[in-house]
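The structures considered in this document are given below.
Common to both upcoming complexes is chain A, partnered first by chain B, then by chain C.
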Partner chain A sequence: MHHTARILIAAAAMAIATNARADTAAVVQDHIRPGFSAFAEAATTLAAIDSCDLETLRPAFNAAYDAWMQVAHLNLGPTEDNGRGLAILFWPDPKGSGWKAQRALLDGPAPSPEQMAQQSVAARGLPALERLLYPTEALLTDRCPLIHATADDLAATATTLSSAWGPFGDLMLTAGQPDNSRFLKPEEATQTLFTQLATGLEMLADRRIGRPLGTFEKPRPDLAEARASARSLRNITLSLAALKVLALTLNPDSPKTQAAFDQALSLPEAIDPDTDRLTDPQVWLKWEILQQAVRSTRDTAIAELGPALGVELGFNSQDGD
Partner chain B sequence: MRLLPTLLFTLATPAFAATPDEVTQHYADLALAGYQDSLTTAQTLQQAVAALIATPSDAALQTARDAWKAARVPYQQTEAFRFGNPIVDDWEGRVNSWPLDEGLIDYISADYGNEENALATLNIIATPTFTLSGTQIDASTITPDLISGTLHEADGIEANVASGYHAIEFLLWGQDLNGTNPGAGNRPFTDFATGDACTNGNCDRRAAYLQSATDLLVADLAEMVDNWDADGPARTAVTADPQAGVLAMLTGMGSLSYGELAGERIKLGLMLNDPEEEHDCFSDNTHNSHFYDGVGIRNVYLGTYTRTDGSTLAGPALADLVAAADPAVDAQLKAELEASVAALRAVKDAGDAGRTFDTLIAPGNAEGETLIMAAVNALVTQTASIDRAVTALGLSKVDFEGSDSLDSPEAVFQ
Partner chain C sequence: MERRTFLATLAASLAPRLTWADVGAPAFLAAGKQGEIFFLHGLTATGTSLFRIALPGRGHAAAAHPVRAEAVAFARRPGTFALVIDCATGATRHRLTPPDGMQFNGHGAYSLDGSLLMTSEVLAETSEGRIGLWDTRTYARLTDWPSNGIGPHDIKRLPNGRLAVANGGIRTDPVDRTKLNIPDMAPNLTLLSEDGALLDQINLPDLRQNSIRHLALCGDRIAFAMQWEGDPAEPVPQLGFWTPGSAPVLCNPPTAQAFTMQGYAGSIAATPDRVLITSPKGGALMLFAATGSHLATHLRADLSGAATAGGIFTVTDGQGAVWTADDAGLAPLATGDTQWDNHLVGLS
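Let's look at the complex of A and B:
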């Protein structure tokens, strides 16, 4: 009985594997699922810390943020559903909605998990934790209960998200099968991943780099992501490296794309990670060169991978303003 | 048995085979009609604003507000022309920028601000001179030129919206201070009164701002009408190369459906439970604006438009091209467009019954979330089929986005 069941499971797994295009299957199995699983693990580790000592919490917070950067560009399916991606990393927050909502929470009793899950996404996730773990103003209230509530909520979201990539990953792996109404052809799943690659690079250049870059006359270091935890440049590098993994998993034989990524990835080490230094014209120029390198990587990846994969760019969630 | 597929194919072939040339010509006609209607309804608003300023009263304010809402009906349907047509997209920020830091323009409640924008509480109406990026600005006379040339997107910040529908909306309604509870902005008509009757100060400057912003809107819309008229550059851009024109049509549909409407304008507001994140946040007209966006997307596909005078336009449609290339994609996309319009109509019906968008996004409003997410999901679903239509027609968005790295897509319309 057990033996038969195992054979059936193996057969089903093989059927799934052979029906998906190799590029799609590799990304789902080697990049997406392990990435979301590792993030869930890191978030759970952070939530398990009993202490409220900032020095104890910060390494686990940074490990969770690092883990999110491996998958933050995969903004589709379960990540979009229920706004999970936004609940993990709502950024930018131009109106400071997150801190406003958190101050209200700090004034009341610690929110229950249900209450935390109902909060505005601006009051949840990694930026919310960053504001509590790297405070820029003295607080009269004890922030410990909110730290734990926010970390627990993040872990719960991360765990649900990782689980949801099981069935959605199966949809990608069975693209084109008769009962699959989401991906009608195998190449539709591939197109979706190709689009995530291009969008991820665009978002990296326009937002993570572009916002603090501002203009030569008016750099805006204050608009950088994760500035309080001094992660701004680290996030850019991690995001770029993760996008390289996506590109080369999607199409391993992409020498031009690989060279473009390597060129871009060689730049951050010469940049001072202190975003305040952006007001120095020399530093500003280095950031701008990095932005150009990311944009050029996007163009190269689209030109090389599109024809190789036989797919065009699809619409993406960043279209529009 | 072998006859059956042939027969099905024959049945699925449209009654008349449209060509890309005809389809893009008709598309330009739809755009022209949409912007003409936007212009005439804005001119009605312009007259209503002038009447309000000449003789402020509750009734005059109500007439102006009604005119603003009526002007949104044709304009929102033109939003499907925005993405994909650079002439429209480059211009759009002047007329429909959102969200805005309205404190740039007029008084607001004390608890509002934007930490990224130093001008978020400038209040031009109360401030005849001020310093902008180190330069002294003379705003003693408020004119359309001051609004468009100096104030709009001041300091390079997009939230400094000084012109367009939403600036006018703010001046007609004022801030909506009801949060996620029912009720819109409640500006008194006496904010435009003269002498001692004036409330909240600087009524003459407020009136000048409102009139200037409305005049500017009319001028901007007139410019866009010209762009789509015979030999206008927007018309030429889509008709000179019909294949690029067809792609512009689909790009407009897909980008508005997904990233802009489903994402930025609808889902984000729900996820933030933030009534400032609703598109028409002063007037609580958001349910209508979203609905007519959805109708506009369908219009482009079906080649139809119902004008403000009730007459209808119909002609060679994008749907005909897709049906000829892949009948299944066409059938699915048509059904999905109907479904998204129906889902947006449900949100509109709720709004018309008093359950406006800002109340639907209240924390814990499960019914609101269900209504809103149904619209989001329908828009996201149809985007996948718009992608399929792009593929079915053999078009490439890559070239369209200006990458010169790839060869031109093969011509498919022969």
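Let's look at the complex of A and C:
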């Protein structure tokens, strides 16, 4: 995009922002849009590598994964549309459907970018690349074409996603205006972001930490996210840090929430990043303490930010029947 | 019966009974919270409130008498009472209490002629299901039938007088609603005759943790909505169709939307050629054709209530909006400061 065009778009966004609630505007402009833009850039850098050397590809893969962790908790709007979020990170995959689909692709001719975009979301994105870049079994077929097809598809998805956050961000910034039928009241956009914060912390505790944690009798390190690339604990830390940014951008003056995040964020450094060590009761307990700290951070954030922002979690979504 | 109660009952049965037309011909009933107070509203097809009646607490669902301007509002589970409300005056005509050891379980249905009210109930200790029968002249308890399953939730009367029962399969703690049997729960969908005899029943042997909870009639088929209690990472259907006498057909969305509903359908509504399910947890609704194919997904936080009027879908959300939904999208009909509750009840 031309530099001038960027400036014009930024100016338009700022003009719109004057009508939005400050909390929502800050998150859209300082957290969401830069985050998706950085991810698109990292995915594009990865796709541009004209090599099949695993050691050459892995740093760019990790940079893209790191960038995704800054925005992975923002599962709304363009991320939810067309299953884009799932096409970037289909995890957990308890039935191993992603690898099954990839095996079939490896046996045939290399898919074109268009064909790749039509594949099951389980066969695409970061976990699909991880299985190709960190193989756990020897393969007879050349995986190089599929690596490039998967990386190209990821870059295309990331670029589309980042662009789509332009107009969708504008919808959030114009919440409550007469022609906005997506967000009927100004506080609805804020409530949506507040819900993402609560849901993101739940997912972190229940899935990223909870699945490998299993039970004391039966830890399940094999269920950890990004285990082959040894990113499991790193992803937990990055996700927690990104959720902290979301919380404090939504409501900068949140001392209890900030303290709860800082407490939780202090825990991973004392944990061995090797998930296999979860079978050691001492290590298992450290993971469990981390999970409790994340849950307690969620409770604190809901209690502190909800009243400050004047929003609640969903009336019906929290009820259930 | 005490003399006073007898006289009150007599007066109630002799008082002129106004019809729905007399109260403005609402298209829907909906419960909602405004400030700290819960109300039952009558809504027009365009989402305008015609009347509102204060409720003693948060309800779950309501059932509307087919003729009289009279509704039963059920307490949330475990339900110890249901209120028969005169929608013309706002007066509570009767307070229904299930027999000792039993609890209401959220939903009810009137017979076609309005002479009987049927209520989904459980034995509190075991969650074994019953269908309670009430004479709507006096709302006296007549009897109850086995629901032929555990934890019945929604019930629907078919045009031929038969009753479909969603036995959700979940045994709950009689006091705090804690789910007690998730590993070995076994929901089923049951068809009862007009006099309560078991006519047919299906279950989902491969999806036993998919609780069958809500029902709608789609032509001559029963559409059922489910809530998944198993591993949230497993993609499972939230919608099925059943023609009694044959096997159920389950409907899956496209893979990319396998988790949009978060395994949870909160309400279901149907026209002869479409079914709509909502997920407040997923902030979404999905439309399926009667053939079972997925037609559309629309996103909106906290969508829950769903019903039809004149072949058009109306949905409500917990943020105060009433929407009309079709394949193309959602369009707002009305917005206000009432947070609409779980269910929207059609009066057609």
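A few points about this structure:
In this section, the second predicted complex is superposed on the first by the 299 of 321 C-alpha atoms of A that agree within 3 Å, B and C clash if a C-alpha of one lies under 4 Å from a C-alpha of the other, contacts with A are read in each partner's own complex, and residues count from 1 in each chain.
Please note the rule applied: contacts are C-beta pairs under 8 Å (C-beta built on N, C-alpha and C of every residue); 3 or more make two chains touch, one makes a residue touch a chain.
Quick caveat: nothing in here was measured; it's all calculated off a predicted structure.
Partners chain B and chain C, brought together by superposition on chain A, clash. Look at A:Pro307: by the touch rule set out above, it reaches chain B but stays clear of chain C.
Contacts of A:Phe315 after superposition: both chain B and chain C are touched.
Contacts of A:Gln282 after superposition: neither chain B nor chain C is touched.
In the superposition on chain A, A:Gly83 makes contact with both chain B and chain C. By the touch criterion defined above, A:Ser120 lies against chain B and chain C together after alignment on the C-alpha atoms of chain A. Taking chain A as the reference, the larger set of touched residues comes from B, when chain B and chain C are compared.
Counting contacts as defined above, chain A residues 80, 83, 86-87, 94-95, 120-122, 184, 188, 191, 314-317, 319-321 meet chain B in one complex and chain C in the other. Across the interface of their complex, chain A is touched by residues 33, 60, 76-77, 106, 153, 213, 227, 231-234, 254-260, 264, 266, 280-281, 283, 299, 301-304, 317-321, 330-332, 335, 339-342 of chain C. Interface residues of chain B, counted against chain A in their complex, comprise 83, 113-117, 156, 159, 254-261, 263-264, 267-268, 270-274, 276, 363-364, 380, 383-384, 386-388, 390-391, 395-398, 401, 403, 405-406. Listing the residues of chain A that touch chain C in their complex gives 76-77, 80-83, 86-87, 92-95, 120-122, 181, 184-185, 188, 191-192, 195, 206-207, 211, 314-317, 319-321.
On chain A, the positions that touch chain B within their shared complex are 80, 83, 86-87, 90, 94-97, 118-122, 182, 184, 188, 191, 214-215, 218, 220, 222-223, 299-300, 302-303, 306-307, 312-321.
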